[in-house]
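Below you'll find the structures, each written out as structure tokens.
In the two complexes below, subunit A is the common chain; its partner is subunit B in one and subunit C in the other.
This part shows the complex of A and B:
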């Protein structure tokens, strides 16, 4: 009883924050300049509402829920990948040469994920939809996790002054790394019951954590991406020039 | 051309890293039941039996 109440509370909390953030982004000027976070939030809300409706109408074991669940999951991972690409673009705003390299890298990664996921066709060609979608969604999920970590390292490396982007990247990290770490714990631990309960709470908690970090970043932290440019002179050269004076 | 090949190799390295992490975390190696990880906290539906 208590667990289901907490679970519903988490679910409704996520709905409210998602809807609030979408409204805030739609009303502010960030809609035209920052469409991808809005697209991701919309995907999260639409997927959650569709799943809740179909689950209520048809039940967990129904084919309808199965197809809706994996179709919306496909939508979510594609949105997440686009979101990470957008974050890379924003991080490389003043580094055109780096952005050309990163863009090509992201294209190659997407094509390779499609190819590797397509290997499942060789094992099973009767049920293409579920097996390909399982493979593709999970591979792209972990790709987003790795790319987001690389992006965080890149932000540290280029000494980015865009605080809002840093927080948005951290939020995505919470959502992707949290469930993966919990799932790894489930595999490692022998206390299966405790681990399963932890796993059922971890994913909604991580989503809630991401939404709270995003809410803080979007509402409280000023968007300085278009104003702040990385200094043309490297920091080390600047410091040595000061010493020479 | 050299840059293109190097970028492709880097992309391959990233993708193989991701697939390896996925296999470690989800346990999809031979003989193990896959544990699904997905975005969103909704209950994961059971996999229907394959068509005969």
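This part shows the complex of A and C:
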């Protein structure tokens, strides 16, 4: 009883913060310049609401819940990958050459994951949807975690001044790493009740952690990405110096 | 089985790595001036002298006393964070995260002490958290003191 109340509390806490952040982003100017965090938050909220609705209507053991759960998981994984791509784009804002290479690499990785996940077709001809989606989601999710870590290292390497991006990346890291560790532990453990409790607590807790870090990054940390941009037109001092010559 | 164990180890390591990096990024926040000095003086906090002795002299410190100093400063500062010039009388999100980080580092200090690895580094991290808290409290007190007053009002009230 206590565990389920706490679990519901965590879920509702996540709903409220997600909705609050979406409203904040929609009302501020960041909507036009930074659409991908908003899209990711929207997909989180839509997935959570759809799951809650179908669970309430049809129950945990129903086929409808099964399909909705895995379809929304697919949506979340795709939007997570897009989010990481967007963060790479933002990190390489002033490094066009690097971005061209990174873009190719991201496309290659996506195709590779698609191909590896497609190998299940050779093993299972029946129930293609669940098998493919399980495999694809698992592979792409862990890839996102690895890519996010590479992005963090890239930010350190190029000595990025974009503090907001750094915090957003850290938030995503918490969101990806926590559930990955939890699911691996659930896979390894034989105690079902412990695994269930862990699953219902740890994953929403990580989402909550990410949302709180994002809230801090978006609301409190100024977006310095545009400030550090090299001006395309000459600044006043350069222009006047040219005139003197 | 092996793959799951590998993913578990890697993901757990990454989780703690991101947690630590997030806290360090929050601690990097620049304040417009050193607000912590006034709070340290007013409350006779000991962490600046502790940090100075570690940074400059690398002096070996009596471990039980060091723990007590850090703990006392932490309790005083968390009390001030919640109650001094704080209208909501509750911690903000980043303060909660840093409190968690402090406790985590405090635990790791005991482990480092046992293993005799990187003890000084852990103490410096703990003092940086305390300095951040003192800066936040100092900034809040400063805002409340001068918040509703214009420069002329303030001078007239002197």
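As a convention for this text, the second predicted complex is superposed on the first by the 213 of 245 C-alpha atoms of A that agree within 3 Å, B and C clash if a C-alpha of one lies under 4 Å from a C-alpha of the other, contacts with A are read in each partner's own complex, and residues count from 1 in each chain.
Everything that follows uses one rule, which is that contacts are C-beta pairs under 8 Å (C-beta built on N, C-alpha and C of every residue); 3 or more make two chains touch, one makes a residue touch a chain.
Since the structure is predicted, the reported quantities are computational estimates derived from the model, not experimental observations.
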Exercise. Considering only the touch criterion stated at the top, classify A:55 as touching first (subunit B), second (subunit C), both, or neither.
Key: first
Quiz item: With the two structures laid over each other on chain A, which partner does A:112 touch: subunit B (first), subunit C (second), both, or neither?
Solution: first
Quiz item: Regarding the shared-chain residue A:145, is it in contact with subunit B (first), subunit C (second), both, or neither?
Solution: both
Quiz item: Does subunit B (first) or subunit C (second) touch A:120, or do both, or does neither?
Solution: neither
Exercise. Check the residue A:65 against both partner chains and state whether it touches subunit B (first), subunit C (second), both, or neither.
Key: first
Exercise. May I ask you to decide whether A:170 touches subunit B, subunit C, both, or neither, giving the answer as first, second, both or neither?
Key: second
Quiz item: In the superposed arrangement, does A:47 touch subunit B (first), subunit C (second), both or neither?
Solution: first
Practice problem: Could you figure out whether subunit B or subunit C reaches more residues of subunit A? | Solution: B
Quiz item: For A:184, is the partner it touches subunit B (first), subunit C (second), both, or none of the two (neither)?
Solution: both
Quiz prompt | Common interface residues of subunit A - those touching subunit B in one complex and subunit C in the other | solution = 142, 145, 180, 184, 187
Self-check item: Touch list for subunit A against partner subunit B, complex
Solution: 7, 10-11, 14, 44, 47-48, 51-52, 55, 60-63, 65-66, 69-70, 72-73, 76-77, 80, 101, 104-105, 108-109, 112-113, 116, 124, 126-127, 130, 134, 137-139, 141-143, 145-147, 150, 175, 179-180, 183-184, 186-187, 200, 203-204, 207
Quiz prompt | Complex interface listing, subunit C residues touching subunit A | solution = 1, 4-5, 7-8, 11-12, 14-15, 17-19, 21-22, 25-26, 28, 93-94, 97
Exercise. Can you check the complex and tell me which residues of subunit A touch subunit C?
Key: 142, 145, 149, 152, 163, 166-167, 170-171, 173-174, 176-178, 180-181, 184-185, 187-188, 206, 209, 212-213, 215-216, 220
Quiz prompt | subunit B - residues contacting subunit A, complex | solution = 3-4, 7-8, 10-12, 14-15, 17-19, 21-22, 24-27, 34-48, 50-51
